[in-house]
Every structure is written in structure tokens, then in C-alpha cells.
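For reference, the structures are reproduced in the following blocks.
In what follows, subunit A forms one complex with subunit B and a second complex with subunit C.
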Partner chain A sequence: MSHHAVRRLILVGLMLALSALITVINPVFLSSGNLLKLLQEAAQTGIVAVGFTFVMITAGIDMSIGGVVAVTSMVCINFLHYTKVPIPVLVFLSLFVGALTGLVNGFFITKYKLPEFIVTLATRSILAGLALVIAVKDSLGFVQNVYIQNDSYLWFGTSGLFGIYRTTVAFLILGVGAQIFLKHTRTGTNIYATGANPTAARLTGIDTDRTTIGVYMFSGICASLAAVFISSRMMTAMPELGLGSEMDVIASVVIGGTAFSGGVGDVWGTMLGSLFLALIKNGILKTGISPWIQPIAIGGIIVVTVIVDVWQKKLREHLEARAKLKRLSAERGRDAA
Partner chain B sequence: MTKVENGADLLLECRSITKSYSGHVVLDAVDFSVRRGEVHALVGENGAGKSTLIKIVTGATGRDSGEMVYDGTVVPMEHLRRDAEALGIAVIYQELSLIPGMTVAQNIFLGKEPLRPLTRLIDVRKMNDQARELIDRYNFPLKPTDLIDNISIAQRQLVEILKALSGKASIMIMDEPTSSLTKTEVEMLFKIIALLKSEGISVLYISHRMEEVYALSDRVTVLRDGKLVKVLDKEEISPEEIIRLMIGHKLEEKAVQHELTPKGGKVVLEVRGLTSVGKFEDLSFDLHEGEVLGIGGLVGSGRTELVRALYGADSFDAGTIRYLGKEWVPSVRKSIEGGIGFIPEERRLQGILATQSITRNIGIPNLDLIAPRGIVSVKEEDRRAARGIELLNVKPPRPEQLVGNLSGGNQQKVVLAKWLVRDLKLIFIDEPTVGIDIGAKEEIYDHIRALSARGVSVLLVSSDLPELTRLSDRVIVLRQGRFFQEFRECVLTGEKILRAASGIREGDDE
Partner chain C sequence: MKKTAIVAALLCVLLVVPAVAQTYKVAYIPQSIGQPNTNAWLEGMMRVFRKYPNVKVQSFDAQLKAELQVSYMDDVINQKYDAIVLQAMDAAALSASVKAAEAKGIPVITVNLATIQKHTASVQMADISAGYAVGKEMGKQLGGKGNVVIIQSPPGAILGVNREKGFRQAMAELYPNIKIVGAQSAEGWKKEIAITIMNGFLQANKELAGVFAVNDNMAEGAMIAAEAAGRLDQIKIWGANGQKSTLALIEQGKIAGTAYNNSFAQGSLIAEMVMENLQKKLGPSKAAETKVIQIPPFAATKETVGQIAAEDRW
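The block that comes next holds the complex of A and B.
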């Protein structure tokens, strides 16, 4: 069994153990209502994290996702407040916001060779400001809380068959589709190659610039999609929606086993990661621990995950070197004999 | 025996290829040709122009003038990597160009994966089957589903070869393919080369290892200083002849002959059985007070790795080191405190802080002296920098000058100055004069000699043969990570070192 599989198995085991522990403390955890909520929570972060996974596999990082969520939700609120645009058109426009942001990010990263972190941090700031600028204001100029009353828009955030939230369904479809895309299409292979060894990828004729721009666009689209679901579920949106959620997204992807160094990881892992994170958050609430612990726990989990990964790698290398040395001395012994 | 060369028999023909980089001529009207289905070796010392010639053939770089015909097609001046690939020119890169984390089959078919007609998804089964067919055809020890991370360097090279063969390669260029392989792996590679040849594929082979060139090649082209020296036919090939042609009349220069006079004195560094898996093996030697011990060998023979381990920059797996008579487990910090200096191989990457001033660069390894309580004494730092600049005649002698803006020679002087302003007992020097003009070179030689005269022991690694012969009191030649030969109390020439490095053992003649 590969060490990736072992890692995943440990994660699932840990989740089961945690679930059992939380249930013992508060049996409400196992109620279908809570579990459906938990899944929905995981899906909201998870949808953004799927796009982020693509970026991280190319060894990039997208800090602009929070800004995309904020601006997209403000765009939606504006259209819902002032116009009667059909909902499918509105959703299309929303996704366009994310795609455009990704295009801009990708353009500066590839054409001007600017560091991913700086570029996307800058677009995040610009988008955060833009969200405030376009937010619906009252006569005094204060941001006005607009309640969404359009039923077709609210459809996204509610639950359907068996009480499963549509966000969860969307997350599952997106996740499965993205995983198949990554593992079974040429573009997917190019994404791994670009992250693992860009020089080799270029020598093989892969257009790494196009691949890079593509993943940032996909990341933006995912963030916009999440914005639609979140604002629909909340029936309103604030201009700062999504800002600060970057941490949860990064945590989901890292816990899922995608490496910052690129070339390694997949969507299955990210889906598990976002589920794990939602479980921790839900558990903190259900066991009555102070919710302020949440960010501390998430930061801690990221560090522990990375440390475990580094240790695992070192241990493997150490064992290999030992085996080699043994083989060498055995050979020398044979030579001497 | 004397086969007349006609156009049909030539796969690649280059006529008077010239190339210069910023005024410096690297290739000077070189003629070069490869026949269909032959194994052709390209040899020459470092800087002879081999790599540039290969780059021109593969389209990695352009040429200034000269004609090139490949397989009956006139290759235009604008010749790019993918054009070369389309012509059937395949390259096995020295730094392997595989994607870790992917399988053998995925790497072979990267960018040309077989797709299912309807869904446009990759047909994994078909891809693995095709990979298996290729593997079986050449009888390679590989599985299509093996992950690149889990196979050996030699196997990775096989994947590279298959990757090239899955296209339509008519020539396979191998740049130092054996530098990281074990003996059995090299033998396997030889079989593969023979196999390729039997399929009518030409192999262009670049190597420093004479016995390989000797064993494999149908013809050998020797380059020296950017010029074609000679093309040897099968019957003319012998290691001695190739080395003679590579070095040329440089050998007759008086300066490269050097009488070795070993220094007794007390032992400063005692190395026993030092081993670092995959880098060097079972090395033992003593270094005496004030002695310059030269380490010769080809690139990849483990020289750099050895000095890095001795300095404490890398760890090692077995063996013992004694420094000044005491058991010594090196670490960079201990080395500096114990009076050991280190001049690394890659000046720009490892030697200097390009964006910092001369003063800062000299100050960095001397913080224990200029900032004993953690706060840098600017006065002391300036004093030491001034001393370093004066001592080594750094130009311009402005302490605030950023080191990145200095010439290569002056950068290296700054690197040397870092260590000369403190009390040294031992210094490891790796390739001290690469890319440095003659004047600065001589100055650096003077300083190395002065160090030795002061009783400082020097371990000198160099690929520059005259440099090694002129400076050393004693020379050890490494080969494939092992001790090969020691030269002491004799008249040393560059040729002797090169022969040893190439695996030719000196008889007790002369």
C-alpha cells in the first residue's frame, strides 16, 4: 500500500474516532439534522478547496479566493436588488467574476513571472475593496443589509431529496468531476506535470503558461460558485463574506495530502480534508468547547499535518539509505572473500 | 576499411558551425557528422564546446553561421526544440526530465496519451498496454504502473529512453548517461545502445569516461577550445590517443609539469573509511600541516561531495574523521569556530551574498569576532573588511560596493577574504577559479601558496588540470566515488591526472 493510502486511512480512522468521542459527549451529534448541516458546512469550504487544489498541484497558491467570494456575492445582491435578471443568467455572471479574476491572476503570474502569493494577495485586496464599493448602500451611505427574496435563487441554499442540502450535492458532483478531470484527461496530467517539474513539462511540449492560467481560472470559478450557495443559504450577504475563509480552504487541501511543493495531491483528499475540518468545527460546538478555539485548532492541525508529512518523508529516506549501506557492505564483504 | 563518405550514409551533417556568446567564440567553424546507425562519441575537456554543439543540434540554442543537414532536410537557422523533435532528434537529459509522482507509462506518453474516442478521457489501459509493448520489445526491467519515485536512477534513464523511442527517433543523444549509474547498470545501458544500433538508430554519446568511449564507439569526434581536432575511426580509437588529442600541446607547457614534494609535519586532518551512500565510498587519507592536497577526478567522482561532508555541510553515513588529533564530527558551526574555512564550488549560488556589500560578505562568517555579544561592532566589521580588501587587492576597493556587481575574479577574492581575515588552520577549496580571468587567477594562486607557507593546510578540488598540478604538494585521484590513485614525489602532469581520472592505471614506466 502506498504511503498516500496509509495517510488517507489514518485520516478516516481519526474522523471515526472523533465522531465516536463527540457522540459520547453529546448524542445530538449523530442526529440527521446535525449530520446534514455538517456536510453542508464541509461543502461550502470544499467547493472553494477543489479549485484551490488544482492551483496547489501546479505549485501555486491563490490568496484571492476570499475576495472572489466577497465580490461575487455583492454582484449577486446588486442584481437581485435592482434587476429582474433570470437566475441562470445571474449564476453565469457570477462564475464569470471568478473566471475573470483567475485570468488576471494567471496572466500576471505567467507573463510577468510575478510570485503567485503577491499577485493573488493584491487581487484579494482589490476585490475586497471592490466588494465594499459596489455593496448596496442606504441614503446615508452605509452598507445596507439586503434580504434575498427571489425564490429561485434561494433554491440553491436549501435542502432537497432526503433533506440533503443542494450545496452538498453540488460539492459531490464538482468533486467527482474534478477528480476524473485531474486523473483522466490530458489537461489533468499537464497540471501535475507543471507542478512537479515545469522544465521537464515544457521540454515535453506542455504549455505550462496556459495550464497555470487555467487552474487560476478554475479556482476563481469555484470560489464564485461557493459564493452563490453561501449567499443563498444565508438569504443575504455582507461585503466581507468569505474574507478570512482562506485559512479553512488551505487547511482542507493540506490535510487532504496535497503538497505545497506541487505535483502531489488529488480532489479525494481535499474532500476528506474539508469533511475533517467541518467535523472539528461541529465537534467544538457540540461538545460545548469555546468556539474561539476554532482558529487555534485549525492552525494547529495545519502545522501538525505538515510536520507528520515531513517526518514520514525523512523516515522513508533514512530507511532507504540504511538498506543501501547494508547492501554495499555486503557486496564489499563478498569482494573481500 | 576506408569507406567513402557519401551523402546517403550521413544522418546528420554540420558544416563550419560557429557560435559565440557575447564576443567569446565557443565553436569555431566546426564540421561534425553522424552516420546512420552508428555510435558516435563526442569528447573534449570542459569548455571544449561539446555541450554547445549538442544544444545547436537539438535546437536548444541557435547558431551564428554554418550549415546543418539532417536526414536529407536542410535545417534552417531558426531551429527550435520541437522542430528538432519532429525531425527525429531525441535527447536523454543529464538531469532527468521525468515527472515524479507519475507512473512509467504516464511519463512515456506525457502529452501524447491515447484517448478514448468519445469521452476524450485518457485510455489508461491502452496506455499501459502500449507501454508494456515497448518495455517488452527492449526487455527492460520496468512495469508500466511503477511510480517514478519508487524506481532507481538507472531505471529512470530507461524510461527516458522509452519516452524518446515512443516518438520517431532516428538519433538518440545521450549526455553523460553513465555519470550516476552503477557498474551493472552501465553494462545494461551498453546493451541497450547496441540494441538501438541494431535497429538502425544512431547514438550520439558524450562522456568523460574513456573506457566507455573506447568500448562503444564506431567513431569519435574530439573537440578542443571550440575547434575540431580530429575524427577518429574505429581502428584509430585508443584511450591514450583520445587524451592526447583532448589536451593537445598544452602538455608541453613547462608550467604544467610540477615536481611534487610532500610535506611531513603533523597530521591536521585524518580521514578513515568515509562513506556517503551514492556519493563516495571508503575514502581514507591524511592531510598534513601546510600541505596542499589536490583532489582530482571527473565531475561526478565524488570530490565536491567529499569536501562538503568534511566541512559539515552534508552528512555522511560511515567512517571517522580526526581533526588536530581529536575525534571530530563536523558541523558548519564547529568548523568555523575550529579554524576551518570553505570555498564552495558555485560562487554565485553558495559563495557570495550578491545583494550585500563587500563589508557584509566578509563579516558574515566572522560574526563571532565582530559581534561577540550579539551586537555587530561596525568599527570591527569595517576594520576586517578593509584588511580583506587590501590583502586580496579587491577592485574596486570600496567596502560598500555590492558584491553582485563585482567581476567574477573579484567576487572570488571576496569569498577568499572572508576566511583570510581570521585564523585558519585548514581550508577546503572547491574549483577556486572557474570563470575567472588569468590575472585574478594568478593572484588567487599566490594566496593559496601563501596560506600553505603560513602552515594552513589546503584541500583543493579542481577540474583545471594545470591548476591542480601547479598548486598541489600531493594529489589523490577519485574515480566513481572511490580512491583510484595517489601521486606523490614525482613529476606530475595534467595528462597523468586525466588518465587516472579516466580509469587508466599508470604503469611503473617513465
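The block that comes next holds the complex of A and C.
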């Protein structure tokens, strides 16, 4: 069994154990209402995290996701407030905002070889300011948070069959599609190769620049999609919506097994990571522990996960080296004989 | 026979009393925990709730994020809390959650900002009036002329927006010779950000006569900057809320005034409304509109701050 499979099993086991413990303390945890909300919370972070996973597999990082959510939600609010543009067109325009941001990020990272962290952090700052600039204002110039009453738009934030939220359904469809793309297409292979060893990837003919731009565009699109669902659920949006959510997204991806070093990870892990994070947050509320513990718990989990990853990698390398040495000794022994 | 009667009576008490003394869970969801204002509301509420050992209050820190408040509202609804006290980040964003709570039989009382969705009650500091009172008093102190600036709330924070509206209205109506020469918002209502903003105002305006910071934290930041620049005696600095540290600075003459609100009393009033609702099992209000109780502000200056008793300073 691969170490990814083992890790995934441990994560699932941990989730089941935690769920059992939380249910003992507060049986409301297992109520259908709570579980459906938990899944919705996981999906909101998870949609962004799916896109972020692609970036991290290429050994990149995208700190602009919060800014994309903020500016996309403001774009939606403006269109809903001032126009009667059909909702499918509005959603397309929203995704275009994310794609454009990703294109800009990818361009500066590949063309000028700038560090991903700096470029995307700068983009985040620009987008945060842009969100304030384009926010709907009242006659005195004060930011006015618009109350969304368009039923077609609100559809995204509501529940459907069996009470399952549409955000959750979108997350599942996106996750499955993204995983299939990663594992069963040439572009998916290129993404892994770019992250594992960009020089070698280029030498084998992979256009690593195009791959990099592509993953940042996908990350932007996912963030924009999340903005639609979040603003629909809240029936409004604020210029600061999504800013500060980067930690949760990174935590989901790291817990799921995608490494900052690139070349490893997948969407299944991210989906489990998003679910695990939502479970921790929900569980903390159910057990009556102070919500201030949440960021401490999330930070602690990230640190532990990274330590376990590093330890596992060292152990694997050590065992592989020992096995190789044993093989060489056996071959030498046979030759001598 | 007598012994049997006594034992029977004791048994009845032991069986009946627990059934009668139902435990109530009250959720307190302010914009953030740890601010003087939100702490004062909680203390005011606890002054009432402490009389009822069967009432348990759980606070939730939304860290100034509406989406977190929405999550917490979902959670307390699922956990079937008996009442919710909510200081909404945004009137629209929390409307769906308030509607869901009241639909599940959980009365919601909002603090300072009523959601668009109607609910049981809202206990508010009259923000526009507070800003107007500040403008009126500051104008008097400035003799009706001079340049003033505003340190604003984070964009979209209705509380701060309303105070500023009231202030601007007072200036426009009462003091046409007072010019508002600058306005900038301080992220997170933070004192350290206000210091930076005030430094900018001081450098840009050699003749600055007044500053209205829409909350006391920011007013104290403005005061620190003005004092460091050696210009505190030339500038009338006003805040709003009336927290204890600001009242002390007013007594020292370092801050010109604040729009004081007795947040302890506001919290106690909310708690009394919650208890009345729970004890009488009223549930969410069936009235067509939200019952709004507005607490008028008190302009506390060096001359009037002594009227605020020690037990009312939070």
C-alpha cells in the first residue's frame, strides 16, 4: 500500500474517531442539519482549495485567492444591483475575473521569473483595494452592502435534493473532475512533472510556462466560483469577503498531503483535508471549547502534518537506501561465489 | 406517618424541581470578543444572568467577519439554543440566519444594528444622534470655525458610517464655517492604524482644529499622534462609545469628548428582555416590525464627564 493510501486511511480513521468523540460530548453533531452544514462549510473552503492544489503541485503558491473572492463578489454585487444581466452570464463573468487574475499572476511569474509568493501577495493587495473601489456606494460615498434578492442567484447558496447544499454538490463535481484531469490527462502529468523537476520537464518538451499559467488561472477560477456560492449563501457581499481565508485553504491542501516542494498530492487528499478542517471547527463549537482555540488547532495541525510528511519522507529514503545496500551486497556475494 | 409525609414531600421536591428548573442556553455573537464595548455588553448581560443559575451563556468570536457570524448562527440553531444576542456585522448578511433562527423558535435580539429581516428586538445606541451630538459639541468648542478631519470605521461598517453621517449633518447644519478637510478609514477600528492616519493628517494639515474618530480606540490613537507631534493643545479630539480609558483622558484634558453610551446598562436591558422572553416562553416576536429600543447618547466633555458614575464606566 502506498504511503499516500496509508496517510489517507489514517486521516479517515482520525475523522471517524473525532466524530465519535464529539458525538459523545454533544449528540447534535450527528444531526442531519449539522452534517449538511458541515459539508457546506467544507465545500466553501474546498472549492478554493481544489484550485490551490494544482498550484501547489507545481511547487507554487497563490496568496491572491482571498483577493479574488473579494473582487469577484463585488463584481457580482455591481451587476446584480445595476443591471439585469442573466445569471449564467454573470457567473461566466465572475469566473472570467478569476481566470484573468490567474493569467496576470502566471504571466509575471513565468515571464519575469518573479517569486510566486511576492507576485500573488501583490495581486492580493491590488484586488483588495479594487474591491473597495468598485463596491457599491450610497449617495454620500459610503460603502453600501447590497441585499441580494435575485432568486436565480440565491439558488446557488440554497439546498436541493435531500437538503444537500448546492455548494457541496459543486465541490464534489469539481473535485471529481479535477482529480480525473490530474491523473488521466497529459496536462495533468505535465503539472506533476513541472512541480517535481521543472528543468527535467522542460528538457522532455513540456511547456512549463504554459502549465504554470494554466494552474494559476484554474486557481483563480475556483476562487471566483467560491465567491458566487458564498455571496449567494450570505445574500450579500462585503469588500473584505474572503480576505484572510488563505490559511484555511492552505491547511486543507497540506493536511490532504500536497507538499510545498511540488510534484506530489492530489484532489482527493484536498477534499479530505477540507472535510477534516470543517470537522475540527464544527467540533470545537459543539464541545463548548473557546472558538479562539480554532486557529491554534489549525496551526498546530499544519505543523504536525508537515513534520509527519518530512519524517515519512526521511524514513522512506532510509528504508530505500537500506534495501539498495542489501541488494548490492547480495549481488556482490553472488558474483564472488 | 409524619416521617412518611416528610419523605414523600422531599421526594416530590427532588423530582419536580429539576423538571421545573430548565437550563437555558443563550448565544452571544458580537462582531469580535475583547473589544471594550463588546466586553461591557457581556458584563452587563452577566449582571442579570448571574441571578439565574440555570442560564448558560456562550460567546462566539466572529473576528469582524460576517461569514463567521453566519457559521456561528447556523451552529447555534442546530444546537437549539434558547436565545441569541447578535451584534451583526452586516444587516443583509445576517438576515437569512436571523430568519432561520426565528423560524426555529429562537428569539433573536440584535445589538446596535438590526438586520433587514425582522426579528424579536434590537437595542441600539442611536448612532446618527451620537455623531450629531459630537458635531454639535465640537463645533461649539471650535467657536464655529476651523478645519476638521474624520477617522472613519472600516468600509461598510454601518455603526461608524451612521456616526459619521450624523457628524457631517451637524457640521453642515450648524457650522458652515467648519471644513471637513479629510477622512480616512482605519482597518479593524484599530488604535495603531489610527495613529498612522493621524500622523498623515497632521503632516498634510498645518492648521488642524478638530478630529472626530468614530470610536474611542481610534480617538486615543489620534491623541497619541497629536501629543507626539506637540499639537495636542491645538486640536479637539472626539471619539464615540465612552470607554473607561477615554473618559479618564477626557478628565485629563487630553481628549475633548466622546459620545458616551452606557454599555453595561445596554447589556443588562438585553438580558432582561431575554429572561422575560424565556420565562414567559414567548418565543420569537410575532409583531410585523422589529421592536427597536434606541438609547440616546450623552456628550461627555471635561465639564460633564463627572456625571458618569464609577460603576457605569466600562
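We adopt the following convention: the second predicted complex is superposed on the first by the 318 of 337 C-alpha atoms of A that agree within 3 Å, B and C clash if a C-alpha of one lies under 4 Å from a C-alpha of the other, contacts with A are read in each partner's own complex, and residues count from 1 in each chain.
In the analysis below, contacts are C-beta pairs under 8 Å (C-beta built on N, C-alpha and C of every residue); 3 or more make two chains touch, one makes a residue touch a chain.
Worth saying up front: this structure is predicted, and the values here are computed from it rather than measured.
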item: Touching partner for A:201 - first (subunit B), second (subunit C), both, neither; value: first
item: Partner touching more residues of subunit A, whether subunit B or subunit C; value: C
item: Which of subunit B and subunit C A:135 touches, first, second, both or neither; value: second
item: Partner chain(s) touched by A:186 [first = subunit B, second = subunit C, both, neither]; value: first
item: Partner chain in contact with A:26 - subunit B first, subunit C second, else both or neither; value: second
item: Partner chain(s) touched by A:239 [first = subunit B, second = subunit C, both, neither]; value: second
item: First, second, both or neither for A:143, with subunit B first and subunit C second; value: second
item: Partner chain(s) touched by A:308 [first = subunit B, second = subunit C, both, neither]; value: neither
item: Touching residues on subunit A, where the partner in the complex is subunit C; value: 26, 28, 31, 33-34, 37, 41, 132, 135, 140, 142-148, 230, 233-236, 238-241, 244, 281-282, 285-286, 288, 291-292
item: Residue ranges of subunit A in contact with subunit B within the complex; value: 2, 180, 184-186, 189-190, 192-193, 196-197, 199-201, 203-206, 263-264, 321, 324-325, 328, 332
item: Complex interface listing, subunit B residues touching subunit A; value: 81-82, 85, 93, 96-102, 106, 110-111, 113, 115, 120-122, 124, 147, 275, 277-278, 281-282, 317-318
item: Residues of subunit C that touch subunit A when the two form their complex; value: 33, 58, 60-61, 65-67, 70-72, 74-75, 77-80, 89-93, 95-96, 116, 154-156, 161, 164-165, 168
